[in-house]
Amino acid sequence: MFTALLIEQLLNGLQLGVMLFLMAAGLTLIFGVMGLINLAHGSLYMIGAFACATVAAATGSFWIGLIASLAAAAGVGAIIEVAVIRRLYDRDHLDQVLATFALILILSEGARWLFGSFPLYLDIPPLLQGAVPLPGGGQYQLYRLAIIGVGIAVAIGLYLLISRTRLGMRIRAGESDREMIGALGVDIGTLYTVVFALGAALAGLAGALVGALQSVQVGMGEPVLILAFVVIVIGGIGSIKGALVGAVIVGVVDTMGRFLLPSLLALTMPASQATTIGAALASMLIYVVMALILAFRPSGLFSAQS
Amino acid sequence: MTRETTINLLLALLLLGAPILAASLGEPFYVTLATRIVVLALAAVGLNMALGLGGLLSFGHAAFFGLGGYVAGILATHAFNAEPLFAGIPATTSMPLIWVVAVAVAGLIALPIGAISLRTSGVYFIMITLAFAQMIYYFAISWPAYGGEDGLSLSMRNAFPGVNTAKPLPYFLICYAALMAALLLFRVVEGSRFGSALQAARQNGTRLAAVGIAPFNIRLVAFAVSAMITGFAGALYADLNRFVGPSMLSWHMSGELIVLIILGGKGRLFGPVAGAMIFVFFEYVLGGITERWQFFLGLILLGIVLFARGGLLGLLSGKPRHV
Amino acid sequence: EPVKIGVITTLSGGGAGLGIDMRDAFTLAIKQSGNKDVELVIEDDAQKPELAVQIAEKMIQGDKVDLMTGIIWSNLAMAVVPNTVAQDVIYLSPNAGPSALAGANCNANYFNVAYQNDNFHEAMGQYANKDYKNAFILAPNYPAGKDALTGFKRYYKGALAGEIYTQVGQTDYAAEIAQIRASGADTVYFFLPGGMGIAFMKQYAQSGVNIPVMGPGFSFSQDVLPAIGDAALGVKNSATWSKDLDNEANKKFVEAFKAEYKRLPSIYAAQSWDTANLILAALSKASVKDKDAFRAALKAADFQSVRGKFVFNNNNHPIQNIYVREVVKEADGVLTNKIIATAFEDHKDAYAEKCSM
Amino acid sequence: MSLLELKGLETFYGASQALFGVTLDVREGEVVALMGRNGMGKTTTINSILGLVRPRSGAISFAGKTISGLRPHRIARLGLGLVPEGRRCFPNLTVMENLVATARGNEWTFEKVTALFPRLGERRDQYANTLSGGEQQMLAIGRALMTNPSLLILDEATEGLAPVIRQDIWSAIRTLKAAGQSILVVDKTLSELLPVADRCFVLEKGATVFEGAPLALTPELQDRYLGV
Amino acid sequence: MSEPVLEIRDLRKSFGALKATDGVSLELHPGQIHALIGPNGAGKSTLIHQIAGSLRADSGTIRFLGQDIGGLDMAARARLGLARSFQISSLAQEFSALRNVMLAVQARHGSSFHFFRQVSNDKELTEPAMAMLERVDLAARAHVPAAELSHGERRQLEIAIALALSPKVFLFDEPMAGMGPEGSKRLTSFLDGLRHEAPMLLVEHDMDAVFALADRISVLVYGRIIASGTVDEIRSDPDVRRAYLGEAA
């Protein structure tokens, strides 16, 4: 009985991890590859969810909503890059922090202006409702499995894009020396607009997919943002593989911590105390893990350069 | 006198004169608002030491701000309820004593956090400092003894010998004096041998090591001193609001401190002061005009980053910094 | 000279929906009363305690308000209320009733027109005794969450299949739902405010676990029901108010709110409406400048509450009925609540005894 | 006809002027040497040609087209290949990736470059930040060749290279020259540079002070302008 | 012969499969300029890094003034008196040339944990620093930020910083690189004078300079020293000619 639950929880952790990866994927692209600290990534995620919810409500189709989320986030991303980010590449990280912090304020409040203050409705599409049986008697939700699938597909796609294509090489080259790559004849400006829009679209996709499981509301991107940063830093900046591994570590540690810590503590103290202290420790756990990993591997698990 | 010095002097006078004027016109609220500016600026001066001079982008300084605040809150609560702290040590409501404890606690906690975090650099440093702050934040939220998420209310301001701290203006003057002292310290340290080494550590740590100064030690001391100043500000903030809560420890707070510095001008003496002045001013003025104030605040901040390189002071004093 | 009322509430950021309902009902009530002598000073706290403190300071020192109200969240109330009442300004809570302000630290200047935080949970605990023997309970790991589960357990007599404190701000509940499924519980009681509750309900419904769920009214209030969708159908929840509550004042309120704002009122709107009417009633009996007389007038609570009977206890917290509602779908497809039972008649909170007033 | 032509170029860094009227031209198929003491503006001239700094006045034309004011990538695509001072290889790319990332045209291929510099072939999967200084210089030249430029510009062509390698590079430059490649080259080693060059330009304090054949650069002139 | 100031025994360092330093032994004696030459990628800079402490050796010993310094970090070795220059200039870019040198003077003077006394009017720092700049002919550029110096000027600044440390050993990694003919000539005679201040390990590709300066030359190829001797011995060594010098000698 307990083993079955343990296995299910491990799966839950894995799935949470992949979900986190989906959120982190766009961020890795922009942050790891373009070297830009984009605090507004969570807002792009929110935009995706809002676009999907609004369009799905208007058309009755989740899938059209999903396309809308990609388009909306990519569009907003491209506008942001051209209007703001483009001017900040040759500045230090700090100016980027301030500018994207300002963008959070603008996008959040703007979204509230457009969509009102109340959470929106978004549900999983009929096609993906229901569960599939697991070996050993359990069952797993189809939609969550689909998210795992999308996450892995995104991971592979991004990995290939960055490490195998000339586009990927140019992006990385631009990160280390924008001036030089321009002097060698590459239009890095346009390239970065495209990459930023792609990263934004991935954020939007994550927002739409996860929005069906959560509350679609203003500010939904912020907790995600911090977690996504944790994920890519644990994995090593600039490494898609690292982001995936980091996400799974965070997902599993968080889930298992929430699940096991209270019961473990209950062995040594009264149950009521164990539940609250266990919960407190569980909420600190991923940060403890992150600090430990960075203390021993100061540039993450799979840093792009040795 | 350079243009920047003149501007600094004007800012200092404005910050002192406006509240005194407001108090004499019977508008105590503006004194409180000015106190908020001063305390936030003080916290940011602390961060500016690590960030502006040392290039250590700590995204976890809210931890020290909050720790300072909680020290003040906890000491005051215990003293108010006449409960000893632990092992019979009595609590206190004396501000100077509380400050000493707050500064010491912030410094002592900053040492291990710094020692671990400084093994990393760049974005990893940003994130590991954030991680430590988040640990403390979640601890504060879920630890019931001192109010958890609800925070801790102080029933009255702590005492300063010979001053009626309950009145806005005297309390403002205390905070103002603290800010000026911190600015003086910043200026002196910046020009000292330690400051030289610290700035060199920011520009090129390998170069510093190659002349025989270990960057790690320099950075660690700077990080601790920086945390102590920010912790001091936290204690003042607790008394200003007569309240401490986990929001003082949240990453938003860390982010806000960073924003103040960049707004005003990173590494500049009065950068945090100018930053706090405009940030609080806009927050207050816009908040009074429209409930969409965050939208417009965002636009203004964006305008400043894009068009005022080197922050407000960079814009006003018109030339880049060189040493 | 007009009466100045300071309203500090959340009008921006993620939690703005509740504050906006609060403000809208309040201003509507004042408008409908035709009382031209009331002046409102409304400010946004952005759900930040420090900002709320700052605004309170400004309202008291700068605007010199006579009364204050508006705060939605317990932690903001804890930051603002003690200092406000200590400066002899009367504060009326339209929502949030932290236990710390109800017991030994009760104050003559503090009136809670909403509820004591434990009340809704106590009601569900009481109601659960009817059908269930083995409940699984969960709440976020912070003071309000602990109060909630304590409140539930105060009246619930059955066994506990599990008790979990989740992370504040958590958005994925797969792990908790798996534990619920494995626990053998016959019911689930949860307190997860705001987006957390929406996420939990959606995921719970999608998970296929069909143990009946109960919650406090906040999680099924009119502002969040559309976002949860059909997943909420049939869920039992406790509240001091419901749109279908059968009394004149309530009918008038629901009509007026719908007509003015083209949406259904939430419980926050109802409580705020009551707060405004309580103030208006007291104003008609005494001057705010005469603090003692005005406090007495408030305490008399001589107004038509949309909740029906409404009396203040010794600790200035309400004595009121608490109902059990069920989420239903109306003919036009709109999700809303219907009262199905009364959990408590004239319920008092557990802390009043410790209050020396 | 001139492939590249600069007239009266003036360039500033902020308020301080670095170029005070540089005039220079490179003809089709010619190797031109650009010389001058430290800090006289050689690098600044090259950066101005590529649009990396914007000249304030003066005209630059390439293949009959005015290029001043164009963005660097547009200029480069017209057929300018740069080997910059300090090499500036992309540290986070491997040798192979450095060569391929910006490659254009098909005259020069990875194979041809590694035939010219066998060491690059041996190090093909190593990150550029771990290469030795000389290896990086070879990589920078290879990278520029892979863009198949009609004009190759080398700033400090052989700095930091071992004598044998330096000879390799000069012979590579001779090979390129024989194949009709136009080259603008800056180098400190006059004894190796002058025999390759068809013409020389000398800069002093940001202005052209000499133009002519290598032989016209007499020992007296060398001493005056270059301190030899 | 006198005791060696710096003595390296069987030093090894690998990067993956690549043996960058493959059993190098070397001695540096007082008053000596010991030149280290070898093809690009032979491991010269790697060796300098290991001596200076910015890379840790896999095995082998480094003795400096009789003390084993293998366990010390870069800063500690610098304090003992090892001054190095970088193959690619490494400076505090925002500091003026003068302040770059002052930093070195300050490091030599002991603790950097002085928080109050201002460096700008601290004659103990400014005067020696200015003197060093004068020695390398950079005094006129003393107040220009390092970022705005030309390539050659930065190389000169690197030397001034090393001088300011008044070290017991100089480790110079290609100091001539980027210097024009005139600069190289001047620097050559300058370094020639330095041998009396402290012995020098000199990595350099400029053979004119090496042959003019070196008391002893070691030739490094693929991480091994294939020949070591006086200028004439090395010049005429056929292996060295083939592996390194070409026709240049």
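For clarity, chains are labelled A, B, C, D and E in written order, and residue numbers in each chain start from 1.
The working rule: a residue touches a chain if its C-beta (ideal position, glycine included) is under 8 Å from a C-beta of that chain, and two chains touch if they have at least 3 such contacts.
To keep track of the chains, here are their UniProt names: A, B = Branched-chain amino acid ABC transporter permease; D, E = ABC transporter ATP-binding protein.
Not measured: the values here are computed from a predicted model.
J.: If you apply the touch rule, which chains end up adjacent to both chain B and chain E?
T.: Shared contacts of chain B and chain E: no chain.
J.: To get from chain C to chain D along touching chains, fewest steps?
T.: Minimum number of steps from chain C to chain D: 2.
J.: So which one's got more C-beta contacts, A-C or B-C?
T.: Contact tally favours A-C.
J.: Hey, how far is the Cα centre of chain B from the one of chain D, in Å?
T.: Inter-chain centre distance comes to 51 Å.
J.: Suppose each chain is reduced to the average of its Cα coordinates; what separation in Å results between chain A and chain D?
T.: Distance between chain centres: 44 Å.
J.: Counting in whole Å, what is the centre-to-centre distance of chain D and chain E, each centre being its mean C-alpha position?
T.: Centre-to-centre distance between chain D and chain E: 29 Å.
J.: Nearest whole angstrom, what separates the Cα centre of chain A from the Cα centre of chain E?
T.: So the centroids are 48 Å from each other.
J.: Quick check: what residues of chain E touch more than one other chain, meaning two or more?
T.: In chain E, no residue touches at least two other chains, as defined above.
J.: Could you list which residues of chain D touch at least two other chains?
T.: Residues 130 of chain D touch two or more partner chains.
J.: Which parts of chain C, given as residue numbers and ranges, touch two or more other chains?
T.: Within chain C, residues 12-13, 141, 146, 165, 167-168 contact more than one other chain.
J.: Determine which chains touch and list them pairwise.
T.: Every pair of chains meeting the touch criterion: A-B, A-C, A-D, B-C, B-E, D-E.
J.: Within the complex, which stretch of chain B touches chain A?
T.: My answer: residues 51, 57, 116-117, 119-121, 123-124, 126-128, 130-132, 134-135, 138-139, 141-144, 251, 255, 258-259, 261-263, 266, 292, 294-295, 297-302, 304-306, 309.
J.: Provide the residue numbers of chain D that touch chain A in the complex, in ascending order.
T.: Within the complex, chain D contacts chain A at residues 50, 52, 71-74, 76-77, 81-82, 84, 88, 90-93, 97-98, 100-102, 104, 127, 129-130, 143-144, 147.
J.: Would you mind writing out the residues of chain A in touch with chain D in their complex?
T.: 166, 169-170, 172-173, 175-177, 179-189, 238, 304-306
J.: Can you check the complex and tell me which residues of chain A touch chain C?
T.: Counting only chain A, the residues touching chain C are 1, 4-5, 8-9, 12-13, 15-16, 19, 108-109, 112, 116-121, 123-124, 129-131, 139, 141, 143-144, 210, 212-220, 223-224, 255, 258-259, 262, 271-272, 275-276, 278-280, 282-283.
J.: Per the contact definition, I'd like the list of chain E residues that touch chain B in the complex.
T.: The touching residues are 52-54, 73-79, 83-84, 86, 90-96, 99-100, 102-104, 106-108, 111-120, 122, 125, 145, 161, 165.
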